[in-house]
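Pasting the structures in now, so scroll down.
In the two complexes below, chain A is the common chain; its partner is chain B in one and chain C in the other.
Let's turn to the complex of A and B:
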């Protein structure tokens, strides 16, 4: 038993997850990522889609101990143990919670530079769910 | 608005009771609350009921409140289920107060229950991860410990708060629970040992977290002008506040404050006509130790960023100036999700009436008590202020 983000529901956010498409408010230009139905700044519901660069800095993070992460990640946790996640601040402004990859927990530091890569998140019903993870800019 | 008084409170012991049923647990809380009404109350007089629960692992989702009221022996009341994750019964309390204050009901109850023990681990992790912004927070691989850990990391970064100061709140609460016969974790914990506990979600360790708990609670209220018919010791609900916020922490301007707590507290203080300095003691939502530190600041008990020093000063200890979580809090008394809000009211009412279950933990000269109940990582917050009647 796992949480259920159905494939159609997941697909509805593919633009955001794979291509980092944000919404730019038509009235006040504030960026929404993840996209949202209403602008938090001015209340407008008209957005234009714009791609983000994928450049980011680390805002905060945590190493979630083995078997603490949600059950979708069971296979991965069995193999790797702990799960590293954090909130990144994208160069364009918005913050988002993400998986961090390709780094030791010891090298993490608030403010370090990161970049977006497409990685496997988990699989469910025999289908691999891909999404964005952030790795150090080396 | 009609003034509202609490006339009876009940709570089960908190712990792991795999051999007990939902109905059986809720019955005990309700029976205790009825017994607590000094001059008795005919259950048929309960007009409105608000029952908080998250979902008890999905064991019972539809018509939950009528089922619980049946177990309580209160069939017939207008009953509904209130869900705001871990703040479910804090909001049940708020709605029960409103039902009386509006004049619609003379007698109303707020209750809460959760049974977390008899679920397989993966189902618990399914279920405990559903109260965030699931599509984004959960699919980043984090649980609630991880989310609070990220808030703790920011607090340490922005204000120089130390892991040790955070853990001091947990150690205080664990030791407070030693004198509470209804608490789940009643084993002493010292700071050195707590600092050596294994990682849960860095920087938080297992010592900084609440556990898996079963329990239920109920609060019976009536119009304040009727209260003396039921008891010589009514407790007035003088303040009630409720607020919501962005569900995902990444959408909030600050991760070191819960705007929901600030908004709910402002409403409650204004309604009561008092300020933070008038609060003699409080039960706050310490699902993780950092949450108690955030509560100190957001409720106005100390300045922004000053919570680490505040807890280290001993101000919130049982013998401090303003005891916080004298019951043991969520960390040690236990956190049966849906029961926590009304369980906090149970504690505050007993303290204000001088009816703490052991003399050792009865607070002296207390007039105003506050409860703060948080859903998820701050998406919903309910704050109540109760006052002893001289």
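Let's turn to the complex of A and C:
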């Protein structure tokens, strides 16, 4: 979700990225987000697709300071400063690494309520990669 | 009767005060502007449109029945490759959805709304989503850049119009030159600032339509208009007694989203039975007439209100504004 991927891979996972579609294991009902081919709990490879709510809390975070981000974020980092990343715990359970937006580093607080929004992740090969970021719940 | 079943709005978080232009340039060319909302580095018309649409969809249970998306914007990121498909993909699991993208005019948002209404009227039990979102941009050294802001508004349209029943539409088209244009391949707007008062002339032409002139007094006017046009709009349209909604002075010129965003503001404050006239201008004008329905009060309880979004936000300085709008970027300069 947070770094460069090829356009075919981006296209193949577009529902996960835009609508937070998770996989629910047919055998043990564990949710996998991002989706995986095999359940990490029971080893089953049968999943049902389910949408997640986009409600989350901040589990932990990190600031990627000057020139530390991958090259696709060069221009963004030059224009807007530190890149804010975090691990959020989704209401349905999975923890996922994400980009955070609409907040300054000093506003970050573990446990804060967040909501999923669609933003431009980066712009490469002439194609805008839209995907999910998390912002403070208003 | 067909009409609006639900609505939602979105504004960027970032704000720039008119005083920032005075400090940077000695004057703010947007007379009457207090502050404006503008897109952060990672926002654009598509992200605002999706945000507004999600607000509209969470207010109703008929979301699964939406079979068409009409997107009106002057600043989609691609000249070819429908951004309406990005919006539909972000919102719906189903792919049997018609998408239509309307661009090239500040009227595009209102045109998307009337297209959605006409789509619903042309078939039985049809639902459609009209999304108006925009973030117009101009060169930093152009005076007309000072007004340019951003916003999004979305409307679920359907067969019952329980939020606002559609009554009628009116349109005039005039060939105009020199104001607000963008040649093919250009990233930013041009405006020769000829002061021809084209927008006022468009409203005058609209008011000259006998069917329009015969309208009863409406309760609210929702206009995509700047402060100058607003001063004359109600009188020109023969609706001096109407409450006039235009958010221009507090969010800036949101292009194709201006009039739909004002319509959402009107719905936030309206009562059942009120008539609302929503009008957008640009080489003519289009006006839509609605009567507010009984479900409005119930459906607007959930979700963001225009006044709350306008009041919120984080004001930044002028250089931060230029950076977020990519106006200082040698890689993406000016193309938002």
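Everything below uses one rule, namely that the second predicted complex is superposed on the first by the 134 of 138 C-alpha atoms of A that agree within 3 Å, B and C clash if a C-alpha of one lies under 4 Å from a C-alpha of the other, contacts with A are read in each partner's own complex, and residues count from 1 in each chain.
Definition applied: contacts are C-beta pairs under 8 Å (C-beta built on N, C-alpha and C of every residue); 3 or more make two chains touch, one makes a residue touch a chain.
Because the structure is predicted, anything quoted here is derived from the model rather than measured.
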| item | value |
| --- | --- |
| Superposed partners chain B and chain C on chain A - clash or fit | fit |
| First (chain B), second (chain C), both or neither touched by A:83 | first |
| Touching partner for A:117 - first (chain B), second (chain C), both, neither | second |
| Angle at chain A between chain B and chain C, C-alpha centres, nearest 10 degrees | 150 |
| Chain A: partner with more touched residues, chain B or chain C | B |
| Chain B versus chain C as contact partner of A:96, first or second or both or neither | first |
| Contacts of A:64 with chain B and chain C, given as first, second, both or neither | first |
| Contacts of A:24 with chain B and chain C, given as first, second, both or neither | neither |
| Partner chain in contact with A:128 - chain B first, chain C second, else both or neither | second |
| Smallest separation of CA atoms, chain C relative to chain B, angstrom | 13 |
| Residues of chain A contacting chain B in one complex and chain C in the other | 74, 121 |
| Of chain A, residues touching chain C in the complex | 14-15, 18-19, 21, 51, 74-76, 78-80, 101-102, 117-121, 123, 128, 130, 133, 135, 138 |
| Contacting residues of chain A [partner chain B, same complex] | 1-3, 5, 9, 13, 34, 40, 59-65, 67-74, 82-87, 94-99, 105, 110, 121, 129, 131 |
| Chain A-touching residues of chain B, taken from the complex the two chains share | 120-123, 125-126, 129-130, 134-143, 145-146, 149-151, 153-154, 157, 198-204, 246, 248-251, 255 |
| Complex interface listing, chain C residues touching chain A | 13, 40-44, 46-47, 50-51, 77, 86, 89-91, 93, 304, 312, 323-324, 326, 328-329, 331-332 |
